[in-house]
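Before we start, here is the structure in question, set down as structure tokens.
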Amino acid sequence: MYFVKIRESMMIAHSLKSPFFGPAQNVHGATFVVDVTFKTTNLDEHNVVIDIGLAHKIVKDILAKLDYQNLDDLDVFKGKLTTTEFIARYIYDEISLMMKNDFKGKINVSIKENPNAWAGFEED
Amino acid sequence: MYFVKIRESMMIAHSLKSPFFGPAQNVHGATFVVDVTFKTTNLDEHNVVIDIGLAHKIVKDILAKLDYQNLDDLDVFKGKLTTTEFIARYIYDEISLMMKNDFKGKINVSIKENPNAWAGFEED
Amino acid sequence: MYFVKIRESMMIAHSLKSPFFGPAQNVHGATFVVDVTFKTTNLDEHNVVIDIGLAHKIVKDILAKLDYQNLDDLDVFKGKLTTTEFIARYIYDEISLMMKNDFKGKINVSIKENPNAWAGFEED
Amino acid sequence: MYFVKIRESMMIAHSLKSPFFGPAQNVHGATFVVDVTFKTTNLDEHNVVIDIGLAHKIVKDILAKLDYQNLDDLDVFKGKLTTTEFIARYIYDEISLMMKNDFKGKINVSIKENPNAWAGFEED
Amino acid sequence: MYFVKIRESMMIAHSLKSPFFGPAQNVHGATFVVDVTFKTTNLDEHNVVIDIGLAHKIVKDILAKLDYQNLDDLDVFKGKLTTTEFIARYIYDEISLMMKNDFKGKINVSIKENPNAWAGFEED
Amino acid sequence: MYFVKIRESMMIAHSLKSPFFGPAQNVHGATFVVDVTFKTTNLDEHNVVIDIGLAHKIVKDILAKLDYQNLDDLDVFKGKLTTTEFIARYIYDEISLMMKNDFKGKINVSIKENPNAWAGFEED
């Protein structure tokens, strides 16, 4: 299995509206460092997993809709608990949708939210 | 010159209310990775620059007042442009105040706000 | 598959009493940076893999029994070769025991022992 | 599943001779930070996955043939598109060949080529 | 003294044509991770050291002329030993020239060339 | 001012025999990641601050005397509190002695002892 991993980041605010989250119920924020991994069984005719320029562009475009935003204000997340796990899955779904014609392998998304915590969604 | 550097972090939201800041005028957020450096000419009788446990405690206590907060809502920052440079200076001032009896050397504060940007205040 | 990864660290001494280990037969030490990953198929009702505060607390409590210790002096490791692989498995077993009622997914433990070496145990 | 991961690096030049690669058709270069992971189901009698000293030596020896080279000039890569994915597989094949008598587990190779991009080959 | 530091990177090839450099006399390459620091005594009316967007743009523009190039082929470096120190100074000179009207403070350039080596030029 | 920085590491045990150090009075250990910076006003005829190969060799040789050791057992540290600050100064003194004929600039030593703590000695 070959893989390519790319890194982009975004700076968002949000709040997690359940007593379960303690102080994270407040509007606070995070720098999300987003690693997206593309996996395939074989390389293509250019000896690559994916056009890495295209991959960077698609991930940047998806993150641009969230970057410098308060996620609480976005329609797509209304009434949702926007945990890091949830955001990782959202990014995974967006990438999968955008690339369904260009990439047939597996996609994973990992988000570092602070020096001691990560969350993500891995396609099985 | 000897030094000790410690690292703590916090997750804040804020907005920068001037057209100068473009998209950062929105409420957004950041993980601020805060490095505080203490410098002295000589070591004390325990061969240290400072009691590192005390230093961690003081920095944690100062950051705890900002962590998981929207800086726009805090009285101390009302009407201020809470840039990373400004926050670094604020943390420097708070540490200096708390430690004025315990530490006679110089203090620097550096904040990493994303994988490609830092700001800080260095005591000359 | 969703995951959450948390990072804690500890500073231990030990010796590896077999000629196989060359200079590591001496009492020496390491900063072990310990990454623990929790994986589940689905998120719970709070959109999380696990209560990350609880996870940090349990990992910290387990590491606290080893931190600032010479592993050679601890009864639990008497007569054992406390390689990084072995310690990773020990931590995995302790976490599994502590969380058997609270977490039904898979747990992995990875330890960075220096800038060029890691070891770990991954639940299959 | 236990694992050990080691890190070595090399500094190479190359060019990717296809219009697909845009500016990377030029002779340019990269610092390749190479992580090699060895995985086994059980530890051996020394509680290790592999003799880490031997592993470092073999990986260093393999990288030494590429380090400070222009890959375009090496016979082994004549007419090949030496993408990072391809180089990862080449290193994997070389390690597998060198270790076939000493290691029966699985081997993965991951290469970081810049702060925002990685590629690799993982044995399934 | 306040500072802002930004990070960009480039992937270059070159050779160092003197026996002093041993294997680095060959055409080889490097990922240069370039950190540029801007320092001023006071913040401006926006509470910043510099317009960080402008700083990123200028540094990117300067690096773009070197990125994906063999430095041996560029007129500006003909007959020069393009060590990392020398390149850091070149980048410093270019930034200073581009910003002489917009920035009156001090500028430092630091380049990471591999996980164990950096070089740079610091304005005194 | 030009600089070159190199990184090496070592794995040591020690104890700090004063109640001031709390749990660090126990024999424990650390991976010390040692960064040594060499600074000069001008580059030499090879456009370098220092022969980086020589610098790596000297630093490695000095660390080799401490690596895989319990510092409590070494004559040179008998009766000393081997804090990270103290060890940084010791390494600085050793390097200065070894290089007094080969290097006329300034030397700094910084040691990372865990993900959240550093200490060092900087020549003024």
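Chains here go by letter, A, B, C, D, E and F, matching the order in which they are written, and residues are numbered from 1 within each.
In the analysis below, a contact is a pair of C-beta atoms (placed from the backbone, for glycine too) under 8 Å apart; a residue touches a chain by one contact, two chains touch by 3 or more.
For each chain, UniProt lists the protein as follows: A, B, C, D, E, F = 6-carboxy-5,6,7,8-tetrahydropterin synthase.
A quick note: this is a predicted structure, and the numbers were derived from the prediction, not measured.
**Student:** If you take the chains that touch subunit B and keep only those that also touch subunit D, what is left?
**Tutor:** For subunit B paired with subunit D, the chains in contact with each are A, E, in label order.
**Student:** If subunit A and subunit D share one sequence, what is the angle of the rotation that overlays their CA atoms, in steps of 5 degrees?
**Tutor:** For the C-alpha superposition of subunit A onto subunit D, the angle is 120 degrees.
**Student:** Considering only mean CA positions as chain centres, point out the chain farthest from subunit E.
**Tutor:** Greatest centre separation from subunit E goes to chain C.
**Student:** Interface check for copies subunit E and subunit F. Shared numbers divided by all numbers used: above half gives same, below half gives different; which is it?
**Tutor:** Because under half of the interface numbers appear in both copies, subunit F and subunit E meet with different residues.
**Student:** Where the centres are mean C-alpha positions, what is the separation of subunit A from subunit F, in Å?
**Tutor:** Measuring from centre to centre gives 40 Å for this pair.
**Student:** Roughly how many whole angstrom separate the Cα centroids of subunit A and subunit C?
**Tutor:** 27
**Student:** I'd like to verify one number: the distance from the centre of subunit D to the centre of subunit F, where each centre is the average of its C-alpha atoms, in whole angstrom.
**Tutor:** The computed centroid separation for subunit D versus subunit F comes out at 31 Å.
**Student:** Residues touching two or more other chains, restricted to subunit B: which are they?
**Tutor:** Residues 7, 115-116 of subunit B touch two or more partner chains.
**Student:** Would you pull the subunit C residues touching subunit F in the complex into a rising list?
**Tutor:** Going by the criterion above, the answer is residues 7, 9, 11-14, 23-24, 26-31, 33, 67-70, 73, 113-116.
**Student:** Name, in rising order, each residue of subunit C that touches subunit A in their complex.
**Tutor:** Contacts found on subunit C: 1-8, 39, 43, 46-49, 51-53, 56.
**Student:** Where on subunit B does subunit E make contact in their complex?
**Tutor:** 18, 20-22, 80-86, 88-89, 110, 115-124
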